[in-house]
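Please find the structures below.
You will see chain A twice below: alongside chain B first, and alongside chain C after that.
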Partner chain A sequence: MLFLQLLINGLQTGAIYALTAAGFALIFGATRIFHFAHGTAFTLAGYAFLFAWRADWPGWAGVLVAVAAATLFGMAMERFVYRPIQRHEGSFFTVFVAAFGVGIVVQNLIGLFAGRGLATVDTPLSFGTEVLPEIFVAPILWIAIGTAAVLFAALTVFLTRSHAGVALRALAQNPDLIRTYGLSANGLSVLAFAIGSALAAPAAIITAMTSGLNEAIGHQVMLISIAATIVGGIGSLRGAALAGLMLGVAESLALQFVDTQWAEAVSFLVLFAFILFRPSGIFGVAAAR
Partner chain B sequence: MNDAPTIRRRGLVAAGLSLPFIRSAAAQQASGEPYVMGTLFPMSGPNAEYGEAFTRGAQLALSHIAADNMLRRPIRLQAEDSQALPQPSVVGMNKLVNVDRAVWVLVSWTASSKAVAPIGDRAKVIMVNGGAVGPDLSGLSPYFWNVIALAHLEVPVLVDYLTRHRNVKRMALVYVDDPLGDAILGQLRTELPKAGGQLVGSFSVPRAAQQFGPVAARVRQTRPDAVYIASFGAQQSQIIKGLRDNGVTQILCSYSAFSIDSVRQLPEAVGALYTTQKLDFESGDPITRRFAADFRARYNQTPVAYHANYYNAAYLFGLLARQLEQANEEVNGESLRQAMLRTRTFDLVGGRGTFDDQGNLMTQMQVNEIKGAGRTEIVQG
Partner chain C sequence: MIAYLSNLATQVAIFGILAATLNFILGYAGIFSIAHAVFFGLGAYAGAQIALLLVPDVVLACIVAAAIAGGLSLCLALPALRVRGEYFVAASLGLQMVAVTLFSELKPLTGGIGGLVGIPLPTLFGVPVGVLPVALAALALILLATALLARGSFGRTLTAIRDAESAAEALGKNVAAAKTLAVGFACAGAGVAGALYALHTSFVNVESFTMDYSVLMMAMVIIGGTGTLWGPLIGTVLLLSLPAALAFLPFLPATEVGAVQQIIIGLAMTLLMIFRPAGLVGDLSRGQTTA
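Presenting the complex of A and B:
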């Protein structure tokens, strides 16, 4: 029974990881920008939902506000931080430091305005009930899995069936060719940031309901997103999503065999194993030397 | 050999330029420059709520010291962000000691305190802890004092209460992987058998862990009567919520870390028990009443143990420095320590307290129960 309970917990955590990792992978895959402030988009979305909830707004309005906060933040980062840096041919390190700096500033602003310490959305959706002996399931589990499944299906349709989606994939393959065809690489880059950041919002809302938010939560989100992107195969959206789910499940199931202390280390053991034995990740293509 | 004159010249220039900044403590005292009181609190990250609470207590003490004209020189509060981590704490302490010339530093966190203690010890700077409870903080240095009851005093009180009044025999522990968590584990292993109880499971979690559903499943398996949570900051609230949301209905309990607002206002924390030193803000003691009234007026918030601890930690400086000023003695770490050893007993918030030989302020303890919406009730003490 412990195994089944851990699997259920792992699926819930994995769905959250999958959503955040897919957003990061979409942005990185399309633009090759190491968007370290993706965790900040997650944090902003979570707090936006929290404020809407505390203001007694309807749930759907809170979701819209959260999605808008994450999307606008992602677009603003592309337009006002990354694009000027790239215009001056800034290095990877410059991009990283800029994103990290923005993350710190936003973290402190949230602490200033929202207060420091844990903030949660108090809802019965996160409260588990015993459905089988020793098996507790909360309604939020089905919401997390359902949301992740619907969003990935929608994203897959968008990337394969729409002109903008195909252009985004082309941007990842060859930005110069995009320009040759008269498409705007900048416009597509903004679109990648908007969609990728928006994907963080549902994960942030679920997190606000389950484990709660604090202003520094973005760093942890980024660690998992980076690990999932590498394990899934850099540039592969479905790889990152699958890897996110896998890391969440592995982290939870590990408790069947090891001490609780090692649960999070399992994620990074998986990452390490992939780097050693399959550096291209699950769906990545090995680069020729 | 050709470089020698250059070095000498550079040395002379450097020495010349630094002359205006080299001033003795006596000269500073004569000029009325402020005393520097340092703070090494987490002001950013998941434990920043504590830093804010600690600072409020210290700030109120300084305003009372100034309002009462206790000292001839003002006090400047110099804050450094420890992030509740040893490495930033060491950087901050070095700056406070070597650049700001602080004579009195308020410290917190077991791991951070242990990291900075050798620096303060070498520089003979008084370090006062009002937040960390690791038992090995006792006697860390002659210049390191505690105005909070350490874990070896907190844990036995709670174990005694739980076994005698709540019929708790089996206890599980969820503890953070750091010196504080290890200390609580050691205390429970020792104290529970003495009271006829048993530690049925101990679950260590990393400092950055955020998901506790799987840990709750493991805790449930041990069939405990109570679960002790030895963590701090945002994580302890996450543990409470994680346990409650995932079927752990037993008593939750902890040490004084539960006295912060985010825990006391958490709906899942209702019924949780925690220990603090004895504090009755409605008592007849004028210092405690003044503290409580002014704290509410200034911050629109009911004070808790941490506010009182750091008030005491800062106010103590005022009491000792006043003694030294009145005796026309220089105020430095060594003279402050000697003044403390001569006096030992002080009237502070919470009542009269006496320092033992190890620099620990000995006070009585109480057990509190969280009643919801920020309210607590003293259930023993």
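Presenting the complex of A and C:
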């Protein structure tokens, strides 16, 4: 019975991981920018929702504010941090340090203004009811899985059917050709950041309602997103989402054998093993550099 | 005041060693490790245990710490041989996270969250000594070794690997051996810094070996200038005197000093990367060619 309960919890965590990882993978796939501040978009969205909730705004308004916060942050990062750096040099490490610096600033600003430590949103949605003997399921589980499924379906349709989506995939393959065709590579880049960051918002809201937020949660989110992207195979959105789901389930199932403080370590051991033995990931095509 | 200054000088020397050794793999070899605090921690625990169980001899503690940190540096060297760039940063972040869990859970070795307390005062061959002169000597040695290694054939091999790995390999350089050695040297140096830190503070716990400290060390190197000899040292002095400078601002409540300090470091990192990626000391034209 414990196994089933852990599996259910794992699916809920996995759905959240899958959403953030897919956003990260979308940004990296299209722009080749390793967006280390992706966790920061998640944190901002979560706290935006929290403030809206505490101000007694209706739920839909909170969701809108959260999505707007994440999207605007992503677009601002592209415009004011990544683009100026790439103009004079494209060193990966420069990009990484700059993004990391932003993450530190936002984390401490949130600590200053919103207070440090755990912050949660209590809703009736996160109260579990006993559906089977000793199995508790909260409505938020269905919301998490449903949101993830709907958003992935929408993303797939967008990337395969719409003009902008096809252009985004083209940007991933050949940015020079994009310019030749008269499309704006910069504009598409901003679009990738907007969509990718927006995907972090629902995950942040669900996290706020379940396990809660803290000002340093961005690090963990960013690490999980990176781990899922690498394990899934760089450039594969499906791989990242699937790997995110797997990592969530694996972390939860591992609780049957080890204490909770080791749960996070499980993800990193999986990542470490993949980097050592299969750096191209599950669905990866290109060899690791 | 003297005690305060001497404490600050010891801190500068210890973190100077950390920044100089991190700079060695980061600036010369292009191995972007965010797990330097792990090896700092390994050295600190090793040094503390030596002092607690055997003798608080500072040289012995440093040697054992260097051996343990250098030996376990294989954990970092292995992914460095397999992957580069983003992948390696991810691997080193993973190593950092797992190590923090290990440090807080392996209670017999590390004392868990509570840490190891009551580390005796250091001696040298039975004579009591202060940590400051030893730390300064170690810093001088490490800087000398870095300068010599960087100028010699080993350093040139490393820079060649950083700039074009396959070209270096084609010229008959043993890439795997060079990378492993570089990581081993840097991690052993971090281990020495750890042992000195344990003897200096006479108390160690996992708080000093978290990702925040890895990032602090990285910031020291980057703000000073990667791949330069003196840059990391200047970065260290700047970042370590920041808390003291902030203490002079009367309108700042004491509880928020840490957060403000972090914000300044973060801002400095981002703005430097946008406007002057080679760091304060670094040569701008060179910073642009090392991609």
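We adopt the following convention: the second predicted complex is superposed on the first by the 277 of 289 C-alpha atoms of A that agree within 3 Å, B and C clash if a C-alpha of one lies under 4 Å from a C-alpha of the other, contacts with A are read in each partner's own complex, and residues count from 1 in each chain.
Assume contacts are C-beta pairs under 8 Å (C-beta built on N, C-alpha and C of every residue); 3 or more make two chains touch, one makes a residue touch a chain.
This is a predicted model, so every value here is computed, not measured.
Per the definitions stated earlier, placing chain B and chain C onto a shared chain A by superposition produces a clash between them. Of the two partner chains placed by superposition, A:L72 touches none, neither chain B nor chain C. Once the two complexes are laid over each other on the shared chain, residue contacts for A:I282 go to neither chain B nor chain C.
By the document's definition of touching, of the two partners only chain B reaches A:N9; chain C does not.
Look at A:N108: by the touch rule set out above, it reaches both chain B and chain C. Once the two complexes are laid over each other on the shared chain, residue contacts for A:A227 go to chain C alone; chain B is not touched.
Legend: residue contacts after superposition of the two complexes on their common chain; A:T260 is shown touching chain B, with no touch to chain C. Contact with neither chain B nor chain C is seen for A:I145 once the two complexes are overlaid on the shared chain.
When both complexes are aligned on chain A by C-alpha atoms, chain A residues 104, 107-108, 111, 261, 264-265 touch chain B in the first and chain C in the second. Residues of chain A touching chain B in their complex: 2, 5-6, 9-10, 12-13, 104, 107-108, 111, 115-120, 122, 126-128, 130, 134, 136, 138, 210-212, 214-217, 220, 251-252, 255, 259-261, 263-265. Interface residues of chain A, counted against chain C in their complex, comprise 34, 81, 84-85, 88-105, 107-109, 111-112, 219, 223, 226-227, 230, 261-262, 264-265, 268-269, 271-272, 275-276, 279, 288-289. Against chain A, the residues of chain B that register as touching in their complex are 44-46, 48-49, 51-52, 174, 177, 203-206, 208-218, 220-221, 233-234, 237-238, 241-242, 244-247, 260-262, 266-267. The part of chain C that touches chain A in the complex is made up of residues 32, 78-79, 82-87, 89-91, 93-95, 97-98, 101, 104-105, 211, 215, 218, 222, 256, 259-260, 262-263, 265-271, 273-274, 277, 287-288, 290-291.
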